[in-house]
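Chain nomenclature is as follows: A, B, C and D, assigned in order of appearance, with residue numbering initiated at 1 for each chain independently.
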Amino acid sequence: MLEPILIDVASLNLPALLPMAILVVGALAVICADLAVKGLNRSFLTMITVLFIILDFGAVIGYTGPARGFFDVLLVDGIAIIAQVIILVASALFLPLSLSHRHFREFRMAEFYALFMFMIVGFQCMVVSDNLILIFIGLETSSLALYTLIALHNRAKAFEAAIKYFTMGALAAGFYGMSALIFYALTGSVEIYQIEKVLMARHFEPLIGVLAATVFMLGALGFKLSLVPSHTWTPDVYEGSSAPLAGYMSVVPKIAGFVVAMRLFEMLVSSGVVWVEHILYAAVVLTMTLANLTALVQEDVKRMLAFSSISHAGFMMAAILIGTTQANTALFLYWTLFMFTNLGAFTMLWIVRHRKNLWDERYQHPYTKFSGLVKIMPTTATIMGIFMFALAGMPPFSVFWGKLYLISAAINSEFIFLAVIIALNSAIAVYYYMKLVIYMFLKEPVTADAKLYATNASTPLKVIVGVAVIFTIFAIVFVEPLLTVITKYVIASGF
Amino acid sequence: MEHILSLLVFFPAMAGLLGFLVAKESIRAYGISVSAIEFFLSIILWIGYDSTNAGYQFVEYYPFISSYGMSYYLGVDGISLFLVILSTFITMIALIALSIEKEIKNLIISVLFLEMTMVGVFVILDVIWFYAFWELSLVPMLYIIGAWGSVNRMYAAIKFFLYTFAGSVLMLVGILYMGFLYHEATGIWSFALPDWYLLQVPFETQLWLFGAFFLAFAIKVPMFPFHTWLPYAHGQAPTIGSIILAAVLLKMGSYGFVRFSLPLFPDASVYFLIPVAVICIIMVIYAAMIAYAQKDMKQVIAYSSISHMGIVVLGTFAMNAEGITGSIFLMLSHGIVSGALFMLVGVIYDRRHTKLMSDFGGLASVMPNFATIYGIMLMASVGLPLSIGFVGEFLSLVGFYRISWVMTLLAGTGIILGAVYMLVLYKKSFFGEVVHAENKTLKDLNAKELTALIPLVALVAILGIYPKPVLSVIDMSVQKMLVLMDQKAVLQETKELLFKANTIGGTN
Amino acid sequence: MENYLYTALFAPLASSLFVALFAARPKMLFTGIVASLLIAISMIASFVLLIDVNTYGPLHVSMMDWISAGNLEIPFGFVVDEVSVIMMVTVTLVSTIVHIYSIGYMDHDKSFNRFFSYLSAFVFSMMILVMSDNFVGLFIGWEGVGLCSWLLIGFWYHKHSASWAANEAFIMNRIADLGMLMGLFLIYWSVGSFQYDEFFASLKTMDSTLLATIGLFLFIGAMGKSAQFPLHTWLADAMEGPTPVSALIHAATMVTAGVYLVIRCGELYTLIPDVGFAIASLGAFVALFAASMALVNNDLKRIIAYSTLSQLGYMFVAAGLGAYWIALFHLMTHAFFKSLLFLGAGNVMHAMHDELNIKKMGGLYGSMKATAILMSVASVALAGIYPFAGFFSKDKILEVAFNEGAYFLWFALFIGAGLTAFYSFRLVMLVFFGEKEYEKYGIHPHEAQPFVIYALLPLGLLAIVSGFLEHTFEGFVTRLLAQYEIHIEHGTEALLIAATLGIALSGIAFAVYMYRRGGFPKSWEERFCYKLLSNQYYIPKLYELYIMRPFSALANFAWQKIDTKVVDLTVDLIAKMVYSTGEKSRKMQSGNLSDMLRWMVVGMIGLLILAFVYRPMV
Amino acid sequence: MITLTHYFILTGILFSIGLVGVMRRTNLLMLFFSTEILLNAINVGFVAVSKYYNDLSGQLFAFFIIAVAASEVAVGLGLLILWYKRNGSVDLNSLQMMKG
């Protein structure tokens, strides 16, 4: 004879669940609409999705309730909110890239948009929770959706990319589970804050257990954040998937991963377990440097950008390693600025995308494709150049300010060596960004036919590029307000 | 008038943007007029400059990332005033002499952007912004060298860009660390140079920071052994590129020494005085010898500017008003003279499409005016009294004599070796019989070239005979800076050396 | 009076600038005339100033500030005192004559105008040199005359040898100038000013080593300009320039600037007799050394150049031993007869169609008497025969040497006097008397235009009479310069004079005797010492071999080996290294899924192992 | 008597088997099986631990893992079939278009 369980609805704090709920509803709605009405135009679907994202955005912004909710598995703190904002903005900006001039099969299917929304839900779950289970679910939801989205691109390379990504993802999931298991076994809880409490009380004994758990977690997150040596999927997947998706992947999943990493590693780094710090240090340096070095020798711009995004992720891990408020602020600032720049860069690639690989039998965007572009399409070349300079951290463009703030964070907490390494890396990095600029501005064009470069251009794309350019050039203007907001939230959530 | 500095910095950029709308036929006229306006603005700046006040003038201050102490902070003092004027002047002259037809529009627009960065570097007082302009100045130069250069231009452009960029990233770290120190000391963030001037840095830290800044400046100057990008850059760059590079961009480095290294890290500067001086002497002699060995006229001048910059830096590290004032004046004179020399090489290159001295000979009889102006510039470059070249060189050497007479003697050999390679160059290409038939029909300077060159010649004479108005302005600010150094020095030895360096008499 | 000063100073500049306007044009006679007139005006002004100084004493004006930085203040200041006014008069006088002479001499030259522009510019620099009241001002003139001599030696720039000689002159002077600059710096840092008066005023307070250093540095500068050993080779080569230039610059004025400097700093050198003695010894050595080279040379102008060199040696002996006024006196008289000699040589050259080898002349007396007489007069003066100018000045120098007890120097000078007499008359004999060799070469010599000869007359006159001004001169200049008494009892003095005259006369006699009967036998030319002398002691060769060649070799090495092979290559290597590591790390990206998975797992296991083995202290 | 340790050992063994399989297998299908083994190994561990603590969240986790595993299989097989249709093999050495 069971007692009826009484749960006060207020204590569930459902509004905390609202953002995810909205998108789930949206996803279902899109599918149903597709069932009801045949042949919905992609523009309709895109815009509906964007609208739902905006609703979600509103819910995220609007929510300022008590931190925990829904059986206390949700933790809506400052970084969660910032992260969600970044995720949603990025999604809202990347999705309209579907409205390109040429038609692609996936964008005509309602499932694409449904999956897209589910993926966002997954990311949100990752960031708004400190419950390992929910994080796991979020991780898997988003990943599975993402695999499918990639595969939807329906090119041989896309399948290969999807399979590689999927398989490694499965392995990563295994690692995650293992790490969660060990933590659970050590502490009897799957709530990060509980785990932290217990471990603190026990001074992280048995240390080996903790370390093992950390190692597995590093493996799992390292895959998401593409840290060396789990980064190998990144270039292939980027190359295989369509430019918009690649750009999206370079920004959103990572930010979600960073939030999780923050929640987990902050505790370990601050715990004073030097081992973790050293390992992280090594991982950071390796990731930055190796990715940069490999990027030097790429022939394809998309692959180059993939490697560059790996090294950028390395910078971000540095922020987590440093772990001060300023560092975490720097992380979000950097990522916001990076998002806009990368958005621009990948959109440009999307615009110059041509049906056939005219320039190289394998690559879509080999450097040679861009040679002498300034003589064919000056504006395009200039814009692309600006994005490249921005990514290279050339002042006063966007990413420079993030890098500045990050290095300063490193210095202010006496990580001088790290700061120097970051600086040197950006010196190396400048070469491969310059390479594109040099091809565009200094080489002679291979073809005079401007049309080849504009086959996929359309008004929405141009608008998005415009937005990206404005943000990239006038980043200075946004840095100050961004800093204030981010700092406020980061401090609020005690990082 | 109070916003004239902002105007000076951003007017060329604005003009550059609008330049996209100007038709290709008239873009050259557009560029010249813009640079002329800019030049007159800078002259107005000089007129408005209060020469009795050693501090910063026309200051503009707007905080823009106040939470992190960044601000938009402009100001000009005796040290930077004339470098600003030099930049605008040289840009104007270079544009007047411009003889390129290919894609001239992009060229002129990038030159205008370059002008913005140059002026910006010299008038900006917020260090982050300084870094920004410093780095930005590379981009247009990269384009100019890479797009309008000769055969091997890609390599030269990339080398120039990467080398200088790599050099300056460490400076960024240094800057941020400096900001951190300031925050530690005062509890507030600031990247304003005048604020930093008030900060006393512990000795060991100074050494590290000096190093971080030194690399950037040394590569820009360029100091031995970081100089190898320069010959390539000059060898490949178009005339206008070489002119601006030699006349202004190199000065950014030496300006950095005066503006940052000395006042921010007085003890470190004194500590590293001798090593730096040794490098300078190597530059002077070594570069002069290499210049002698060259077969290409332009390379001779390229290496000669390394040699001269050696004296500039030497004068800067003389730690006394004579030397530093002299080195700043030498920056100006070298800017004018080397600019003119590169322009002259360009003139002959346009006619013969070769720069090898062996292809010339006897030019003096074919192109007398050309030969005359070349000779004047040559004499200015070897530092003949009453020419602009003498004043700076003399003062720099006088200044450094106080530090070490042996080193001054060694550096002084520069005036001998300078005469050697320059006179040999002149003899090879201007004297003797006209051996090559195609040289017999060469045209002498045309009106355009004369309009570009005459002002330079006039300056060489005027500033050589009456440099006082310039010197006194520089001198005042320099003395102020020396006082500052003395106050900031943490070591007794530093104070003693500064005292010794600035007083007459006593043992030597 | 200032107006006269400025006139004297700026008339030559005006002339130079005015003529420069026509530099590129073909010959215009008026340029020469205008130039000569302006120089003449300058000369008149100088004479006025001479009288003025004589009556009212020195004149000191400060025109404007030039350089000022830190404690340093350099004005354009000019002083006309007993020494500088003498120099001014000498310089302008000779210059005027040379200008007028040049109108004739450069008659057929297409760069007539350019020549006068340069010549006047030289006069201007020389005036700055002698008139300025501070060391840097002197240095301006110093470099200015250097520049002009470069321009004028290389005047016929199409001749390789000319431009080469010009560069050599300029560079050698630069070497010396560096020494001088060092001296100036030292002066500045010990006195705080470059003004003569302030420097001399504070001499007392400085210790002798400091003074000695200053003195040496300044003298190094003087060595360059006055072509003292070992920086002497440029002077002989400088004869590539037009003859009037040799007369004005490389005989009368510029080369004496070094002597002028030493005289000017007399107060300094009196305090450091050792340095003075060193200078004197070097002077004596050069006097002999140069004279010996003149003995065998066959080049008309080079012979005279060497004699100039040896006379400069005489002057340095006097100056070094503290007899400044005597040095100045010899400087003046020498200017007169030496320029006369050169100008005469110029006439001969014209007559011989620029043939310089005296072996190919001879018997020119018939066709050009005036020149022959003038040159003979000059030679006699040079040889120092009573009552010609040379006698008074040169004998004094010997007496000084004797008086100082420097018998060795005296002996050197004594021999020198003999040699001087010999080579001067060897020249006269070979050129004007004996066989008419030139007929073999089908040359028909002719006397120069009359006005040229008339222009030379004043010099001839001075060469004869100026000696008698000795006492007035002494009285005048010793107001400023140190007094110098010779206290040798009359007997010895008379003996000395007699001896000097004797050796000079015998030198002349020997020359006349030998060259009346066809000179020395050919066999002599095979002798070692003859070769040694005719090759100038092989010194130019040594410089060529051990300085110039190694320098250019080293330069090439520095460029091709060090700069490109070491420095630059290192830079590129670093870049290449980074790039190649990129290539290597690329292998990691095999694209094979199993490899990717292995990387992950291996990384994981590696970390686990690390967790076991590596435990840094917490 | 079976203690928690035994369960851990079992987990460890299964996990290692999974890892080895992941590394060794070149057949995609087998590869997916190995990943399943990994996950199931973890399940075992979770259930055991949750029993040990008398805490349900472990089993909760296990259930979610099962669910996730199922959906993974769905997606994975989908991809596999796509790939097979395209170039009739499930050997993962066949997907090497992209490298470098």
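Quick note on the criterion: a residue touches a chain if its C-beta (ideal position, glycine included) is under 8 Å from a C-beta of that chain, and two chains touch if they have at least 3 such contacts.
Keep in mind that this is a model prediction, so the values were computed, not measured.
Ranked by how close its C-alpha mean sits to the mean of all protein C-alpha atoms, the top chain is B.
Each chain gets a centre from the mean of its Cα atoms; for chain B and chain D, those two points are 66 Å apart. Inter-chain centre distance (chain A to chain B, centres taken as mean C-alpha positions): 44 Å. Chain A and chain C have Cα centroids separated by 79 Å. The geometric centre of chain C is 97 Å away from that of chain D, both derived from CA atoms.
Within chain C, the positions touching two or more other chains are listed as 586, 589, 591, 593, 597, 601.
Residues of chain D in contact with at least two other chains: 22, 31, 92, 95, 97-100. Chain contacts: chain B has residues 162 touching two or more partner chains.
Here the chains touching each other pair up as A-B, A-C, A-D, B-C, C-D.
Contact residues on chain C toward chain D in their complex (touch as defined above): 586, 589-594, 597-598, 601. Residue ranges on chain B touching chain A, taken from their complex, read 64-68, 103, 106, 128, 131-132, 135-136, 139, 142-143, 146-147, 153-154, 157-158, 161-162, 165-166, 169-170, 172-173, 176-177, 179-180, 183. Residue ranges of chain A in contact with chain D, taken from their complex: 132-133, 136-137, 140, 144, 147-148, 151, 156-157, 159-164, 166-167, 170-171, 173-174, 177-178, 180-181, 184-185, 188-190, 235-236, 239-240, 298, 303, 362. Only residues 19, 22-26, 31, 92-93, 95-100 of chain D touch chain C when the two sit together in their complex. Chain A makes touch with chain C in their complex at residues 163-164, 167-168, 171-172, 175, 207-208, 211-212, 215-216, 218-219, 222-223, 228-230, 232-233, 235-236, 272-275, 278-279, 290, 293-297, 428.
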